[in-house]
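Two complexes follow with subunit A in common, the first pairing it with subunit B and the second with subunit C.
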Partner chain A sequence: MLLDVPVSATDVVVLGGGVIGAACAWRLARRGLRVILVDPAPGSGASGAAAGMLAPVSEVQPGEEPLLRLGCHAAQGYPDFVRELERVSGVVTGYRRCGTLAVALTADDRARLAENRRLQAGLGLTVEALTGRRCRDLEPMLDPGVSAGTLIPDDHQVDPRRLLEALRIAATAAGVVTVQGSGTPERVDEALAGVRLDSGTLVRAPRVVLATGAWSRSVVPAVRPVKGQILRLRMPAGEHVLRRTVRAVVHGRDVYLVPRENGELVVGATSEDVGLDQRVTAGAVHDLLRDAQALVPAVSELELTGTTARCRPGTPDNLPLIGPSVVPGLTLATGHHRNGVLLCAVTADAVAAALIDGEVPEGPVRACDPRRPGPARSADIVTTGRDTAAAATAGRR
Partner chain B sequence: MTSASLIGTPVPELPGEPLRIAGQAFTSRLVMGTGGAGNLNILESALRASGTQLTTVAMRRIDPAAGGGLIDVLNRVGVQVLPNTAGCRTAREALLTARLARELLGTSWVKLEVVADDDTLLPDAGELLDAAGQLVDDGFTVLAYTNDDPVLALRLENAGCAAVMPLGAPIGTGLGVLNPHNIALIAQRASVPIILDAGVGTASDAALAMELGCDGVLLATAVTRAQDPARMAVAMRLAVQAGHAARLAGRIPKRERALASSTPVGLAEFGDRS
Partner chain C sequence: MLLDVPVSATDVVVLGGGVIGAACAWRLARRGLRVILVDPAPGSGASGAAAGMLAPVSEVQPGEEPLLRLGCHAAQGYPDFVRELERVSGVVTGYRRCGTLAVALTADDRARLAENRRLQAGLGLTVEALTGRRCRDLEPMLDPGVSAGTLIPDDHQVDPRRLLEALRIAATAAGVVTVQGSGTPERVDEALAGVRLDSGTLVRAPRVVLATGAWSRSVVPAVRPVKGQILRLRMPAGEHVLRRTVRAVVHGRDVYLVPRENGELVVGATSEDVGLDQRVTAGAVHDLLRDAQALVPAVSELELTGTTARCRPGTPDNLPLIGPSVVPGLTLATGHHRNGVLLCAVTADAVAAALIDGEVPEGPVRACDPRRPGPARSADIVTTGRDTAAAATAGRR
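Up next is the complex of A and B:
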């Protein structure tokens, strides 16, 4: 299949065809570059499993303000991004401005919810404290034991599988050529030569974008897989159990329920540091269902249509790695952890600007510079090459 | 002093005997857990600030071979890894988990944790004692997480545990030392180190545990879920030192009535005192 592509005609190879890689490929092609996208099975990674919450406010953690600023910036731009993508691709992405309701059952969980709300309000985010009664006015199927809540009006959702389909159609329409396979960035005499496919073929290109998610670890050791398990249920036709995303801490465990317009209800998710493991475990399914049912008793009547385990790409500070790496020509677009779907457009715009304009634009995405200092030395890069050491390291503190 | 400068300044350990567990000496008497941190960088700075030399890790929640994760952080900080059996409900599971840890991490030390249910996370005394005996027979150095029960603590010691770790309060509650009398009794009667494990919410809880006679304190959530984990880690480090020093210094007896610290002889008198 490679023979169809004149090797001299490639400006950039994008490694990885999840939402990040597909968005980068689309944006780069739209700006006039000749793009090859390499992926053994596009959409088979974390993108296809994600719940699609666009929830920077719900997920804010103390000490992670740069990620919050980036997430809010991305959430604000989402309507324009989706409008353009849907127009170009003809695919409805399932973007819903439905807001999020965070609730608590017990006194302990209520205290944690209140603590989160103080953090959110202190950062100037829009959150509203609700009584249990008010929560159940908004979502009547909530368990009567729900005793308090926080309404987060700006955290919305999208359907990641449809989003990915739209991105791939848009990318193809813009001229992106997809090659099925796995590959590694290759250097010859310190210069980037392109991507060496597992089949042995070298796809020559002066620039490479790495967007292989949890599999980035083989090139960027700072990235680690964080396993997430997620369930899919089906709501009866015309009978929406929930209207908006509902999340909670149940006995200290995080759980969320994301209702889609097509009747799907997504329940997630675990977060496990167990390496590249895609096995669904009985305990995770049990815990997720038990906690979901504690919030919404009617969950027990729904059809369980699927269980999935995939790995998110984690980083030491939970911020992604976006922009030029220490290897000239190699741009990173990885490490998005729980936020790949939310951050795909801002990542793609930053990558396109870095490659074409020579720098990542001003703004919160600058915090994601892969060369930023950190204890885990995010800057370390491993490439293959004829006459270079396998591990090339620069930017050490 | 700002948080940054305090965290950046090495806090010297006070002179005194190190904590000895199974013949190994630790100058820091603060043992850290790793659960609950927002991200690995936050955890790393908290571990460094705590000055800990021994840090416990849930074997059921990590894959040591995966790399890039928790074990890398611990290696970088240079602390000894103490695998634990968190999540195990039966002696058999604990035994299998400990053996897996020994194989993967190359240590025969294990923090034994066998809990009865998810709601309380309280130790299951029967399974705990059973597992402790089997692990000791299998050559493990066992540090047993147990209830604040002086009878069970002695039983665990007699079963061959290298340290006994009674809880101050249930895991993650931050309720402090709920039964100081029992903790003091456990510490008095023990001939192995007693490390208060679980329940610490803030620095005074850790200091109290040491004043009661504990040889060390293990905590995680109190630091990792604090608003500023590294600053709280410093507080805990100082609290453990302060409590230990106070214990060694010998506190004054409590009295019902006030007693001036200096005598009134020689004080100037004002006005007519007749």
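Up next is the complex of A and C:
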């Protein structure tokens, strides 16, 4: 049975109800559009596992300056974004400025931290070099082997699960209708017809925002799933094992520990190229615990309350895909990899501007144009649908 | 409010609904007694975490011959016990004879295995010395570092969660009434009055069987909680990572891997002297995964489906406490440490004989007499209650 929603009823369908999709839906509805949000289980993607570090500075890598500029822009606007969201939704998002302490265990690590500091300082960012002793003054539970560090005082954090809850409440309050299901954009000839749900229903709309994270690769082949596994620990009431985010490279892999005010300590995260796989594996849990204990031995005494595996949407050049695609009516908001929580507000603003004002505003988000040239090949889009000429003879499938 | 159940209605209250308590209740009801079983959440103790190895031979330690004799006696009777239980309950318990392969990684381990084989063979048990190559012939996923082993073909296994479900169904079918709650034996003067529930209700009965596992220490101070943490992994459908139980001493700690026919692989277990603490800790999960991977590297690829921490009831001499205590009417069925699943049937038979026939039958279970002399001090019993002489002036609390 096909329940075709009249085209006049909906301006835009947002596919995907994670932090990116929910933020886009909220913003589009706030700007007057009639929005349907489609998701089978909001929060079941990467948003539900994210650690919530708002850390554009500490995560910077050489060659990723466009992403760094975008991240800094997003971080600057975050306090206002959170203030408005908390006011509208009534949900406290756990947003706080706690800073990050990046630490080194080996001579190689120290050299890498020093190199990163040069890069960060060259970009005008606030970073402070610390001795191992000074690191332990700030965080007394650090392993005695920590020999140097970088303090990045401007890094913030938010609780992604609460953030998503707040976004969904705000979106609903703004008039967004959520439909539970999965679907894909569907075209008739060259025009977008809406979203075909797996149940068979066509949700008609002239515009579609694709925000399905790692699952967007079925439409945008350039997107690849990057599996991440994280752990949730519980710090004893009143005991702050850590006061700020601590990160390091241990055994050649990034590990971070994010303490929340509610006593949770998030340890993350693996990066695995294994396709769309959400199974928690013994090896990943082992490695995360080993590396976390190498930084903070007292972790061994903490309660392990949860393990989660989810897939981030990666792109070939590590920049997200934000804005109009080559398919008229289809706007992309995907490919955020590890930065979806940080970038959800700037993404939503850019998507709303593209759909309503006709163009993405000036600024660092323009580097994320899905039609950009280069190795991303993000312009390739796979759509399903029908061609009326063929349909006239072949009949509708 | 006190709801005193009339004394005529109940012959015996069994305190504790794990495998020991449920087996006792079933057996007592089958032998014609009116039984009330009291437990706040059956299966929430050690029974719900047990791996279900029925392995008296592979676990033998020098000086524990009485326990070994009891375990062998219990293992011999297990097939008949399971057959009757499955018939009565309609529950398949996962009982199977798969054998155990104890393996060695180091020269010390090899010496320990050889010493254990001498002990085992001297007791008339079937054990077979294997080379490392032969171990890998039997279990191809073993680490190449495995250099020797002992095959113990007579070890069996059962799924403790299913076993407990079967026992509870069988007990209910035999007329056992289960009361949800916690309680303690209560006396009036020197006579047992029944069980006082935490809610205040007195369940009157002339006889009480104490089967509260690690929680029995409030009545029997000799019992100490021994925390154990285990992991549940999932083997891919159709792939047998292991075919039989594999165990070893790694980094000075016992580790075992128990494959079930349903694809579950149980990895256990820690032994921690930390009191009644059921928190899963990061350090224990890390150590178990590390040691399991040292034996079977492919464990790293398996899905981690569960982590559990529970407390076993230990005793000073590692023998359980089975039979009449120094308090008339109070029978003990506790202190089974790591052997509750193996010993539940022989315990239930002994308890039923003590209550109904007036004495524990001849055989190895007599070594578990709670009134035995020695370091166990298991004769010490703490009961709460009232003395009528005092009550006459002080009033009832």
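Assume the second predicted complex is superposed on the first by the 379 of 397 C-alpha atoms of A that agree within 3 Å, B and C clash if a C-alpha of one lies under 4 Å from a C-alpha of the other, contacts with A are read in each partner's own complex, and residues count from 1 in each chain.
Convention: a contact is a pair of C-beta atoms (placed from the backbone, for glycine too) under 8 Å apart; a residue touches a chain by one contact, two chains touch by 3 or more.
Values in this document were obtained by computation on a predicted structure and should not be read as measured data.
Of the two partner chains, subunit C is the only one touched by A:E303; subunit B is not. Applying the stated contact rule after C-alpha superposition, one finds that A:R87 touches neither subunit B nor subunit C. Judged by the touch definition given at the top, the superposed model places A:L233 against subunit C, while subunit B stays out of reach. Of the two partner chains, subunit C is the only one that A:A292 touches; subunit B does not reach it.
Of the two partner chains, subunit C is the only one touched by A:T281; subunit B is not. Applying the stated contact rule after C-alpha superposition, one finds that A:Q61 touches subunit B and leaves subunit C untouched.
Residues of subunit A that lie in the contact sets of both subunit B and subunit C are absent, per the superposition on chain A. Here subunit B touches subunit A in the complex through residues 38-42, 44-45, 61-63, 65-70, 72-73, 76, 118-119, 172, 227-229, going by the rule given at the top.
Subunit A meets subunit B in the complex at residues 61-64, 217, 221-225, 251-252, 272-277, 314-318, 374-376. In the complex of the two chains, the subunit C residues touching subunit A come out as 231, 233, 279-283, 285-286, 289-290, 292-293, 299-305, 307.
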